[in-house]
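Take a look at these structures.
Next, two complexes with chain A in common: one pairs it with chain B, the other with chain C.
The block that comes next holds the complex of A and B.
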């Protein structure tokens, strides 16, 4: 119980620090935020009006405090570019991005788990070399290249899947899934290559441990030893990697959403930076950072479920 | 018929195209319900021999000779056949009880697994009862709690008892105990030894005890084999070997055990070290390089096992000659 409490306190403190950093990073940008947003040739009256609406006249700590209290009520300010509340924009984008991230994650695990285990078991065999090489290649190909590559095959050549746009869930599960399949696959191929390496190494290391020898001395088959003994033990380091990959996948969505023209968080980030939409950028960065922190918190929780020793610490 | 019979058993590892011999043509037998010790320094091939007996030696190992278990040659076994016999007819306990159990599974199911894998149609409740019963019989109390415990919640002694329970739950004919007490506290060591002894008496399980510890062997086993650098150099009744050692290596081994008599004197140690697999030569007596009484012949020829009324030794010299040369 103390373990969970400690992790929870850690989570709250980290989130607070994240909010602090996100806020102040954008405050120490040199120059007047209003001028940055409107450009140096802007009308002085307009600049003054923006300064007032951003509350730039007030001291820094006061502005942080009001931003922070806004956070708690879900108010992240109003986007300058869209003239909409930041939280509603994020909510819209989230519908796409969260599905994209989820699909990518599931695909990553679905690809990496069997391939990683297979490579661990057959690593000494010559026929495993092409698989290793292939995973090595997908590791080094950036996701946008993979995206373009997949589009050229599945959309242009074969015409099986759409190359751009997003079909919402409300318009049919299958259509929605199809519209996100290529983007999530281009993310998943790269991240599964990372995960494959971790799984392979982890499984191989566990296979050399004493308890595996004990399991063999009981007369268990290799398959059963892998399934009941090795897998659970080797998943512990893999879960960590999976937590880190969530951050990767979210970051990667910025590029992928642009390639596939998906109206998600990634697109929002690109637009907000291009139009110097300060409140929106702040909200997005805070949101992304929080997701990563929360994911790592969840990873810690999963840890304790898998490994009973962790709860003691 | 003997329960176990090793005949001219050799074991080599192929490494970088070379064949390195870890066990050199040894012969050894274990009768039903007998307790036999295999004694030697680390690296002498005793653990490799033990692992071969349960088919867990490294895949790169190359065998020759015969390993008969109940008159079937184990060296001809396929993996499928091994899986039927392991944990069922032949069991093994290991040196390090702290790591020999899966840290993420409760110990009860880990023991139950050994039973269920060899008896497919037994009901879960029956299996559970049997596990609790064997936990009791290896001297554990509060077995319900232990059944539900994870390995890290138990002490080293408790874990070794659990290993023994696991090994014996199918009533095997042979238990291989590879240094079962080396990793334990001295007081716990005695308890574990007593337990193995009692299990041998109650269940009639034959035990092959692998050890470097002569005093441990003394209280436990009827017969012993002394192994050096992949060969057996002396064999016979444990008492006889300990009281009247013949081979210069056995003598050296006994002289290096601290005792009340040797108090205050500098403890003897055999000069030199056990040659590594790469350094071993195939000609001559394996002990020649460290032997204080070696002759020309010892470097060129390998001595055969001589038998002196059930007390075997592999040396060119007679026991009297060895005695004279070592003291002279």
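The block that comes next holds the complex of A and C.
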């Protein structure tokens, strides 16, 4: 119980620090934020109005407090560029990004699980070398390079899939899936390479343990040991890696969404930074960072449930 | 040094980086054309004798721009690694060697910084400082610190109670002397590996930021800018988009291979 309490306190502190960083980084902007947002030759009345709506007249700590209380009621302020509430913009963008993240995650597992296990079993055979090399390469190729490769093959050469743009779910499941297939594949190829590595190492480590030798001496075949004993034990740590990959997938989707012109969170954040839309940037950054923090927390929890020894450390 | 060259990962990575580095050295003195010289009669011409890698939408020579783009990538990679290494080493060694509340506080800050996924931290800093070469370098340098700090910290935690450190302490050596003369050499190879991996991610982040229009600004030659400009002409001139793509991928792969190689030679990852 103490372990969970400590973890929970840690989570709250980290979230608090994240909000602190997100808020105060944008306060070191030199000069008047209202002028920076609107430009030097803006209408003085407009500047005054923006100053008032941003609450710039009040002291910094008060502004932080009111921002923080706004957070809890889901009010993140109003975007300057879109003139819409930040939370509704995030909600809109999330529809695309969560779908992209989900597809990427599913594809990652679909690719990594069979390949990782296969590599672990056949790692000493010469014919596995090309697969190792390929997974090594896909580990290193940046996801946006992968995206451009995929577009140039599947959209430009073969014309099988749309190159850019997003079709919402309401216009048909298949069309929507097709529009997200290449983007999620570009994310998944890189992250599956990470996962393949973990699976391979984990399976091989498990195979070296004593109980496997015992099972062997009992006369079980290697395949049977693999599928009834080794895999179960070795895939447990892999589950937690999946949680850690969420951060990668989110970070990767920022650029991927721009390459494929998808109207998600990543696209929103690029636009907001280019137009210095402070309330929107703060809201988005806080949102993304919190997702990562919470995912790490969940990973820790799962890990401790699966392997209770960790709670004693 | 010889044992590194026997490692295939390191060797391949080293060869690619050396080749790129040669291109970089040549680009200081010579590029086939001026990087910003436009020639509208030669728009988007395919590779030929005059333009080995063809020309872009303004008739600029792609090879020349690529050479200068590699220069930018290396410049950013080197500065990000040096500043990440320096600050990461100082922060990580203090945290790992002394431990206690100092360690707790520092690690909380590092963890907080690591909560911002991918290029988000750099994007945030660019939103504050504005874009351009100097600010991109600044943002990517700050982004590199947490990784170095973590690696250094775990190294120092491992060695701070080891026998040779105790012996030094009994001999009366000061903390600074122990930290940087005695412990540091033990984690040097790990820092080298991390440097190489950080170099790769700095190159990748710069290309990503410039692609998004948040890093270097046109008409400056940067691999990311070339990529984003080329994407519009994908159907008409596919080679144009593939050239910067392959170059970025090669650079990242090469530095990752060197990092992996160093780790493999020194016996596994931590």
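Rule of thumb we're sticking to: the second predicted complex is superposed on the first by the 276 of 313 C-alpha atoms of A that agree within 3 Å, B and C clash if a C-alpha of one lies under 4 Å from a C-alpha of the other, contacts with A are read in each partner's own complex, and residues count from 1 in each chain.
Here is the rule we go by: contacts are C-beta pairs under 8 Å (C-beta built on N, C-alpha and C of every residue); 3 or more make two chains touch, one makes a residue touch a chain.
None of these values were measured; they are calculated from a predicted model.
Applying the stated contact rule after C-alpha superposition, one finds that A:247 touches chain C and leaves chain B untouched.
In the superposition on chain A, the chain among chain B and chain C reaching more residues of chain A is C. In the superposition on chain A, A:4 makes contact with neither chain B nor chain C. In the superposition on chain A, A:306 makes contact with chain B only, not with chain C. Contacts of A:21 after superposition on the shared chain: chain C is touched, whereas chain B is not. In the superposition on chain A, contact is made by A:213 with chain B only, not with chain C. In the superposition on chain A, no residue of chain A contacts both chain B and chain C.
Every residue of chain A that touches chain C in the complex is listed here, in rising order: 13-14, 17-18, 21-22, 25-26, 28-29, 137, 139-142, 144-145, 148-149, 151-152, 156, 163, 247-248, 250-252, 254-255, 258-259, 269-270, 273-274, 276, 281, 285, 288-290, 292-293, 296.
Residue ranges of chain C in contact with chain A, taken from their complex: 108-109, 111-113, 115-120, 123-128, 200, 204, 207-208, 211-214, 227, 231, 234-235, 238, 241-242, 245-246, 248-249, 252-253, 256-257. The touching residues of chain B, when paired with chain A in their complex, are 54, 56, 79, 82-88, 91-92, 94, 96, 99-105, 113-114, 117-118, 150, 152, 163, 166-167.
Taken in their complex, chain A has these residues touching chain B: 209-211, 213-222, 224, 228-229, 232-233, 306-309, 312.
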